[in-house]
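These are the structures, in C-alpha cells.
Shared between the two complexes below is subunit A, which pairs with subunit B and subunit C, respectively.
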Partner chain A sequence: MSLIVNRRDIDFLFYEVGDLDEILRNGSYTEFDRGSIDAVLDLAQNMAERAFLPFAGALDANEPAFDGEKVSMMPQVGEALYAFAEAGFFAAGFDQEIGGLGLPSVVCQAVQGMFACANLSVAGYSFLTVAAANLLNECGDAEQKAMFLPKMLEGKWFGTMCLSEPQAGSSLSDIKTMATPTDDGHYRITGSKMWISGGEQEISENIVHMVLAKIPGGPPGVKGISLFIVPKYRVNLDGSVGEKNNVSLIGLNHKMGYRGTTNCALNFGEAGECRGYLVGEPHQGLKYMFNMMNEARLAVGAGATMSALGGYLYSLQYARERLQGRHPGDKDPASPQIAIIEHADVKRLLMTQKAYVEGALALLYYCATLVDRQRLSTDDDERWELKLLLDILTPVAKSWPSEFCLEANKHAIQVLGGYGYTRDYPVERHYRDNRINAIHEGTHGIQGLDLLGRKVRIHDGAALKLLTAEIEKTLAAASTTVGREGEARTLKEALDQCHSTIMRISQCSDVNRALANATPFLDAFGHVVIGWMWLRLAIAAINGLESGKEADKDFYRGKIAACRFFFNYELPKTEHVFRLVGSLDDTCLTVTPESFIGE
Partner chain B sequence: MKILVPVKRVIDYNVKVRVKSDQSGVDLANVKMSMNPFDEIAVEEAVRLKEAGTAEEIVAVSIGPEKAQDQLRQALAMGADRAILIKTEETVEPLAVAKLLKKVVEEESPELVILGKQAIDDDSNQTGQMLAALLGWAQGTFASKVNLADGKIDVTREIDGGLQTVSLKLPAIVTTDLRLNEPRYASLPNIMKAKKKPLDVKEIGDYGVDVAPRLETLKVTEPPKREAGVKVESVAELVDKLKNEAGVL
Partner chain C sequence: MSLIVNRRDIDFLFYEVGDLDEILRNGSYTEFDRGSIDAVLDLAQNMAERAFLPFAGALDANEPAFDGEKVSMMPQVGEALYAFAEAGFFAAGFDQEIGGLGLPSVVCQAVQGMFACANLSVAGYSFLTVAAANLLNECGDAEQKAMFLPKMLEGKWFGTMCLSEPQAGSSLSDIKTMATPTDDGHYRITGSKMWISGGEQEISENIVHMVLAKIPGGPPGVKGISLFIVPKYRVNLDGSVGEKNNVSLIGLNHKMGYRGTTNCALNFGEAGECRGYLVGEPHQGLKYMFNMMNEARLAVGAGATMSALGGYLYSLQYARERLQGRHPGDKDPASPQIAIIEHADVKRLLMTQKAYVEGALALLYYCATLVDRQRLSTDDDERWELKLLLDILTPVAKSWPSEFCLEANKHAIQVLGGYGYTRDYPVERHYRDNRINAIHEGTHGIQGLDLLGRKVRIHDGAALKLLTAEIEKTLAAASTTVGREGEARTLKEALDQCHSTIMRISQCSDVNRALANATPFLDAFGHVVIGWMWLRLAIAAINGLESGKEADKDFYRGKIAACRFFFNYELPKTEHVFRLVGSLDDTCLTVTPESFIGE
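Here is the complex of A and B:
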C-alpha cells in the first residue's frame, strides 16, 4: 500500500460522492477526461513517492541553516522542486491563457495532497508560490503580471506572503512596515516581517514577496494597509534577475515541525533602498489579501488532513504487521500472538483516524468542487450562492482538520506505542508538522470569531440558510436509505440545536459575551458539517455496495462503519457544547487575569 | 531510424504482493499497476536517442488488458510518437509475447527494439532473447550504456565479472538494465498532448500466432519465511554447524 495516498478514496470522492464526470463536461474542463486525470494523478503519485517521500525524515533532522550570509539546506529539496517545476505542477491550476494547465480545483486538491503527505516541508515552497501567484494574477496590473507571473508559474521564482510582524500577528491593524512613494513610481519599503515561510532560500532564482505595508498619511488601522510586490532581486527590463533589493534575512526561526520550510524574520530596506510595487489601489491591501486568504485557509486544512493521512496510513500498515498479545478471552500463553489490528482498542484508534481524516478530506473536496462550480457557472445568482457557501465552510475547512486531524496524529503515535514516540518512525514528525495548522493563516480562535461573529450572520444569515438547505438535501436522501434513517434523525437534531444556539447568541447584546465561546462553537459546528459529510459518504458507499465491483466491497463497508463510528462516538459530543455555548457561559470571560495564580 | 519499445503493465514495485488464498496466482484486485520499471528505462533511452537526432520515430507496443493503454499513454507522454495495444485478458508467456512482437517488427520494420531485461512481475528475463532468436537479429542484453553510430550499436552489458561491451550490427535487440539511465517524469502538458497521439488497438487474432501457454501453473505460494539466526560462540562452532547442520561444507 502507498503511504501517501489511498487512490481508491480519491476515485470514490471524485466520481461516486462528487460528480467530477459532470464537471469535466463543462467549460474549459472538457479537455480532461478520466484517463487524463488518472495520468495526472499517477504522475503526481510517482513523483511524490520517489522524489519527495524518501528524504522527509532526513530533512526534518537536518533543517535549513543560516550562516549569516546564506541559507543552506539538503540538495534534495531543490532537486524535488525542480522536478515538480519541470513537470508543470506550479502552473497546474492556472488558466491556460496565462500558461497554466487549467486543471480543476478538486483535482489540484488531490495532486497537492500527495506531495503534502509525502513531504510537507518541500511541498510548502510550492503552495506558497502558487498562493502568491494567485494573488498577483487576481490583483496585479498587466505589467506586473508580465514581469512576475510566467517565472512563478514555471517554478523558477518562488513566492511568499508577508503579513505578520514581530509585534503584529493576529492583529494586522498594528503593522508598522512603511511604504513611502518615490518619484520613480515605485515605493520605498522599510520595516520588519516575521514568520515568513519560504522567506529566504537559494533554490529559486528570485523570491517574490507579497508584502502588506502602510503608506504614510493613509487611514489608521486595517483601512490603511496596502499590498506590494517586493522581489528579493530587482528585475531588469529584459526580465532577467538584477541587483539585490535589500530584503535581508535577520534569522531563521527554529520550529517544532514543518522544519524543511525556512521560516524567516526579514528586514526590508535596512541596508539600502528596498523597492516595492503597489498592487491595485492604495489601502485595499487587506481586502486583496483576504480574497486569497480563503484559498490559503483551505490549503491549510488540506495540509492538516494530509499530515494526518500520513500518520493514519503508516499506523495502519504497522498495526497489520506488528504481533503483540492475544485477545482478552484467550488465556493460553502458548497460543500465537495476534497482529495488533485485531485488538478492539487499536481498531478504535484506527477508526478514529479514519473518521477524522476521510471526513475532513470529503469536506475539502466538497469545497474545491464549489470553487470549480463557481468558475464554470455563468449565472450570477448561482455564483453568489456558491461563494456564500464557500464563505461559511472556509473557517470549518481550515480549523476542523487543524484540530481533529492533529488528534488523529496523536492516535497514530499511540498505535505504534513506544516506537511511535521515537524519531525512528514518521508518526511523531507528522504530529509536529501538523501542529502549525491551528496557528497560521488565522489561528483557531480567529476562525471561531470569523464563523460565529461574521459568517453565520452575513447577509442576514444567507450563508447559513444555504448550508442548511444543502445538509437537508442529504438528510432527505438518508431518510430513505435503508440503515441510515437513524443517523439522518441524529444529524437533524444536531443541526436544529446548532440553529437554536446561533439564535441565542444573536439575541445577546453584549458582543464580548456572545463571542466568548466562539471556539467551542466552531468545533461543534465543524462536527455537524463532518457528520453531514459522513452521511454523504455512507449513502454513496451503500450505492457502491449494491452496484459496485466485488473487490470494492471491503472499501464500501469501511465507509459505512466509519459513518456509524462518527455518529456513535463523535457527533453526540456536540449536544453538550451547543448547550454550553447557548447558555452564554461566562466562566472564561469573567475570570480575572490575577486569579490564575493569585498574583 | 525507427525504434520499437515494448512495455508491460505490471503490479507496481511498491505494492506488497499477496498470494490468492486458492494459490492460483497473486491478488491483482484494487492493486496499483504501473509500467514495468525496466521498460520505463527503455522508453527513456529511445527518447534520448530521438532527442539526440539519432532516431526519428518511437513506437511503443504493449500486449495486455485494455487498461494497458494507461502505460502506453505514459510512454507517449514521455516522448513516444505512437502506440499499439495488442489486447488480451489472458496470460501471455514470454514466447507468445516474442512471437507477437516479431509480427509487429515485420509490420513496422524498426532498426532497433529496446525493451526491459525482464518484467518485475514474473522476472522471466526471456522475451528480448527469444525475440532476437526468432528474428535472427543481434542482441545486447542487460545494457548499462549504448552508443549508436555508423549503422552499429555498441552495448555495454552488466555481467557477473564486470562490464562487457558488444558491438552489434543493426537491426538489433537491446534489453535494459537498471543503470542505463534514470527515466524522466512525464510533464503535465505532455500528458495532455499524449491524449492526441495515435494509439491503435489490435486483437491477438489479428496476428495469427499461437499464443497458447506452454507452462502449467501448479500453485503459487509465498516465499518461505526466514528463520531467526543463531549466535555462535567460536569459529570452530561455526565450521561445525556449517558441516553438520547446514551441510554446506
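Here is the complex of A and C:
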C-alpha cells in the first residue's frame, strides 16, 4: 500500500461522490479525460513517493539554518522542487493562456495532497508560490503579471505572503509597515514582518513577497492597508534578476514541527531602499489579500488532512503487521498473538482516524468542486450562489481538519505505542506538523468569529440557506436509501438544532456575549457539515456495492461502516454544544483575569 | 507569579478540601505541622525554580547521547539531582526507621509535583528510583533491603523498572527474558528489555534494575513471571560498588518529548554473566510489580497534570501581558489594544486548562490521601475499603490527566499563537512531554479494560459501591449548598447513567463486545469523577468565601467559576458516551481489516 495516498478513494471522490466526469465535459476542461487525469496522478504519486517522501524525516531532523549571511538546508529540498517545477506542477491550476496546465481545482487538490502528505515542508514552498501567483493573477496589472507570473508558474521564482508583524499577528488593523510613495512610481517599504513562511531560501532565483503595508495619510485600521509586490531581488527591464532589494532576514523561527519550511522574521528597507509595487488600488490591500487568504485557508485544511492521512496510513499498515496480545476472551498464553488491528480499541483508533481524514477530504474536494463550477458557470446568479456556499464552508474547511485531523494524528501515535512516540517513526512528526494549522491563516478562534459573527448572517442568511438546501438534497436521497434513513433523521435533527442556535444568537443584542462561544459553535457546525459529507459518501458507497466491482466491496463496506461510526460516535457530540451556545453561557466571558489563580 | 506551582491551591487542597490537619494529628505524622510542611514546600519550590526549571528547555534541545561507550548529558542534570538528594527528597515518603523523612504521601505529591512541573525529565530519574525503592521495601528480604535501600534513599544509586521487551510492550505474558538458577544462590539473567526509562546514565554510582523474567520450567504466561534485582554493578560484601554485571546498553530511544530522561534498549548477560537476585517467591513477580505499577500509574497521572500546569501557568502569564486586538463590539482602530486575556475565547482556553489541571490535581491529592489513610488506619475493614477505593480510582487518575491535560497543553499553545508553536517558549515542550502519558505504564486502552473489565466488578462491585457512597456524600452536601443544587442533580444523573451503563455491560455474555467501547467509557467515567472533584472544590470555595480572607476572594470565585464551567461545558459530554457504551455498539468491533482502505 502507498503511505501517501489511497488512489481508490480519490477515484471514488472524483467520479462516484463528485461529478468530475461532468466537469470534464465543460469549458477548457474538455481536453482532459479520465485517462489523462490518471496520468497526472500517476506522475504526481511517483514523484511524491520518490523525491519527496524519502527525506521527510531527515528534513525534520535537519531544519534550515541561518549563519547570519545565508540560509542553508538539505539539498534534497531544492532537487524535489526543481523536479516539481519541471513537471509543470507549479502551473497545474492556471489557465493555459498564461502558461498553466489548466487542470480542474479538484484535481489540483489531489495532486497537491500527495506532495503535502509525502513531505509537508517541501510542498509548503510550492503552495505559497501558487497562492501568491493566484493573487497577482487576480489583482495585478498587465505589466506586473508579465514581469512576475511566468517565472512563478515555471517555479523559478517563489512567492510568500507577508501579513503578520511581531506585534500584530491576529490583529491586522495594527500593522505598522509603511509604504511611502516615490517620484519613480514605486513605493519605499519600511518595517518588519513576522511568521513569513518561505520568507528566505536559496532555492529559487528570486522571491516575490506579497506585502501588506500602510501608505502615509491613509485611513486608520484595516481600511488603510494596501498590497505591494516586494521582490527579494529587483527585476531588470529584460526580466532578469538584478540587485538586492534590501529585504533582510532577521532570523528563522524554530518551530515544533513543519520544520523544513523556513519561517522568518524579515526586515524591509533597513539597509537601503526597499522597493514595493502597489497592486491594484491604494487601501484595498486587505480585500485583495482575502482572495489569497480564503484559498490559503482551504490549503491549511488540506494540509491538516494530509498530515492526518500520513499518520492514518502508516498506523494502519503497522497495525496489520504488528503482533501483540490476544482477545479479552482468550486467556491461553500458548495461543498465538494476534495482529493488533484485531483489537477492538485499535480498530476504534483507526476508525476514528478514517472518519476524520476521509470526512475532511470529502469536504475539501467538495469545496474545490465549487471553485471549478464557479469557473465554468456563465450564470451570474449561479456563480454568486457557488461563491456564497464556498464562503460559509471556508472556516469549516480550514478549522475542522485543524482540530480533528490533529486528533487523528494523536491516535496514530497511540496505535504504534512506544514506537509511535519515537522519532524513528513518522507518526509523531505528522502530529507536530499538524499543530500549526489551528494557528496560522486565522486562528481557530478567529474562524469561529468569522462563521458565527459573519458567515451565517451575510446577505440575510443567504449562505446558510444555500448550504441548508444542499444538505436537504442529501437528506432526501438518504431517506429513501435502505439503511440510511435513521442517519438522515439524526442529521436533520442536528441541522434543526444548529438553526435554532443561530436564531437565538441573532436575537442577542450584546455582541460580546453572542460570540462568546463561537469556537465551540464552529466545531459543532463542522460536525454537522462532516456528517452531511459522510451521508453523501455512504449513499455513493451503497450505489457502488449494488453496481460496483467485486474487488471494491471491502472499500464500500468500509465507507458505510465509517458513516455509521460518525453518526454513532461523533455527531451526538453536537447536541450539548448547540444547547450550550444557544443558552448564551457566559461562564468564560465573565470570569476575571485575577480569579484564574487568585492573584 | 511562580511558573511551576500555585501555592495557594496546594494549601486549599491540603487544608480546605482535604484533611491534612487531621492526618497530621495521627501516627508518625504528628511531628509535622503546617509550619514544617510549609518549610518543606518552600525548600522544594526554591530548588525546583533555581536548579530544575532554568535548563528544562536546554535539556530538551540537548538530549542525552550514547557514543557506544557511555551516555553523556548536560551536567546540570546531575547537579540538580545531587541537590535533590542532599535535601533528602529521594527519601521524602519513606518511614524514618529506614532513613526516610516520613512525610505524608499527599505532601510528597506536592513536592514531587513542583519538580515535575519545573523539569519533568530530571524529576523522572528520582521518581523511578523512589518507585523501585518502594517495591524493594515492600517485597525484598532483609538482606536485599540492607544492601540496596539506604543507597537509593540517599539518591546515590538510582532505580528502574524493566518490564517491556521489544516484542512485548503491552503483552507481558509474552516476555522472553530468562532467569536461570545457579548454585551460588543468584540467577543468571539473559534477554533484552525495551523502553527502560533511566536504564542507563552516569549520574548515580549504581543502577538498581527491577527486572521481570521467567525461570525455566515455570508456568506459561503471566503466571510464570518472577521479579529480580539486577544491579548495573555488582555489590561487594562491604556494600561498595564492584565489577560490571553485564547489563549493556543497546541504544537510546529518541523521543518526541520527555527527552532528558534516557529511554533505553538493554541487553542482559550478552557479554558475560549477569546476576539477578530473586525478590520474594518465584512466579509472583507480576503481583509484586503491580504494587509499583499502581504507584507508577498515579505518578503518570501526576506527571501529565504537572506538564499541563506548566503550560497553564505560562499561558496565563502571557495572556495577561500580551496586547492584541479589541472586543468584537469595538471597531475603532484608534482605541488601545487589550490584553488577550480579555478575549472571551482566550478566557475559554484558559478556563478549560484550569478545569482540567485543577480537577486532575484534586483527584491526585485525593488518591494520595487514601494512601495516607491506609497507612494510618489500624482497622482492617477500613484499610480494605480504602484500598478498593484507590483500586477503582487508579485507572482514572492515570488516564484522565493523560487525555485531558494533554488537551490543556494544546490550549496553552493556542493562547500563545505562533509564538507557542516555536521552541523559544515552553508550551510546545510541555505538550510533547505529555504525549507519552497515554502510552506508558499501561496504555489508555488497557486502562479502559482494567476499569470496565475488572475494577467496576471486583468483589461484586464493592469498589464501585464505595466510590458511589463517597460521591453521594458530596451530593448530599452540595444539595444543601446555595448555588450548587443544580450541579448536584446533574452529577447524580450522570452517576445513575454510569451505573445503568455498567449494568447493561455486565449483562452481555460476549466479553469482546462488552469491552469493545471500554476506552470511551473510561473517559466518561473519568468525567463523572472529576465532576465530583469540582463539586468538592466548589463547596470548599463557598465555605472559604463566607469565612475566608478578603485577599482570597478572587481565588475562591475562580474555583466556583471553574466548577460551573466543568458542569456546563464538560460533564454533558458523558451523556451520549454512556448511551453509546450501553448500546453495545459494535461498529468498530465488526469492521474488517480489509475495509479500512479497501485493499
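Everything below uses one rule, namely that the second predicted complex is superposed on the first by the 599 of 599 C-alpha atoms of A that agree within 3 Å, B and C clash if a C-alpha of one lies under 4 Å from a C-alpha of the other, contacts with A are read in each partner's own complex, and residues count from 1 in each chain.
Here is the rule we go by: contacts are C-beta pairs under 8 Å (C-beta built on N, C-alpha and C of every residue); 3 or more make two chains touch, one makes a residue touch a chain.
The structure displayed is predicted, hence computed values, not measured ones.
Peer 1: For A:I341, select first, second, both or neither according to whether it touches subunit B, subunit C, the two together, or no partner.
Peer 2: Second partner only.
Peer 1: Taking the superposition on A as described, I'd like to know which of subunit B and subunit C A:E49 touches: first, second, both or neither.
Peer 2: first
Peer 1: Have a look at where A:G88 lands relative to subunit B and subunit C in the superposition and call it first, second, both or neither.
Peer 2: first
Peer 1: Output check: A:R454 vs subunit B and subunit C. Expected answer is one of first, second, both, neither. What do you get?
Peer 2: Neither partner.
Peer 1: Identify the partner contact of A:L101: answer first if only subunit B is touched, second if only subunit C is, both if each is, neither if none is.
Peer 2: first
Peer 1: Using the superposition on chain A described above, determine whether A:A516 touches subunit B (first), subunit C (second), both, or neither.
Peer 2: second
Peer 1: Could you look at A:D552 and tell me whether it touches subunit B, subunit C, both or neither (first, second, both, neither)?
Peer 2: both
Peer 1: Can A:K176 be said to touch subunit B (first), subunit C (second), both, or neither?
Peer 2: Once the two structures are laid over each other on A, A:K176 reaches no partner at all.
Peer 1: Does subunit A have more residues touched by subunit B or by subunit C?
Peer 2: For subunit A, the partner with the higher number of touched residues is C.
Peer 1: Is A:V40 contacted by the first partner subunit B, the second partner subunit C, both or neither?
Peer 2: A:V40 contacts subunit B only, not subunit C.
Peer 1: On subunit A, which stretch or stretches are contacted by subunit B in one complex as well as by subunit C in the other?
Peer 2: Overlap of subunit B and subunit C footprints on subunit A: residues 1, 8, 552, 555.
Peer 1: In the complex of these two chains, what residues of subunit B are touching subunit A?
Peer 2: 14-16, 29-30, 32, 34, 69-70, 73-74, 77, 185-189, 191-192, 194-195
Peer 1: Considering only the defined contacts, which subunit A positions touch subunit B in the complex?
Peer 2: 1-2, 7-8, 31, 33, 35-36, 38-40, 42-43, 46-47, 49, 83, 86-89, 91-92, 101, 103, 551-552, 555
Peer 1: For a test of understanding, state which residues of subunit C touch subunit A in their complex under the given definition.
Peer 2: 1, 6, 8-9, 164, 167-171, 173-174, 194-195, 220-222, 253-257, 313, 316, 319-320, 323-329, 332-334, 337, 339, 341-351, 354, 406, 410, 413-414, 417-418, 420-424, 428, 431-432, 435-436, 438-440, 443-445, 448-449, 453, 510-512, 515-520, 552, 554-558, 561, 564-565, 568-569, 572-573, 575-576, 579-580, 585, 587-599
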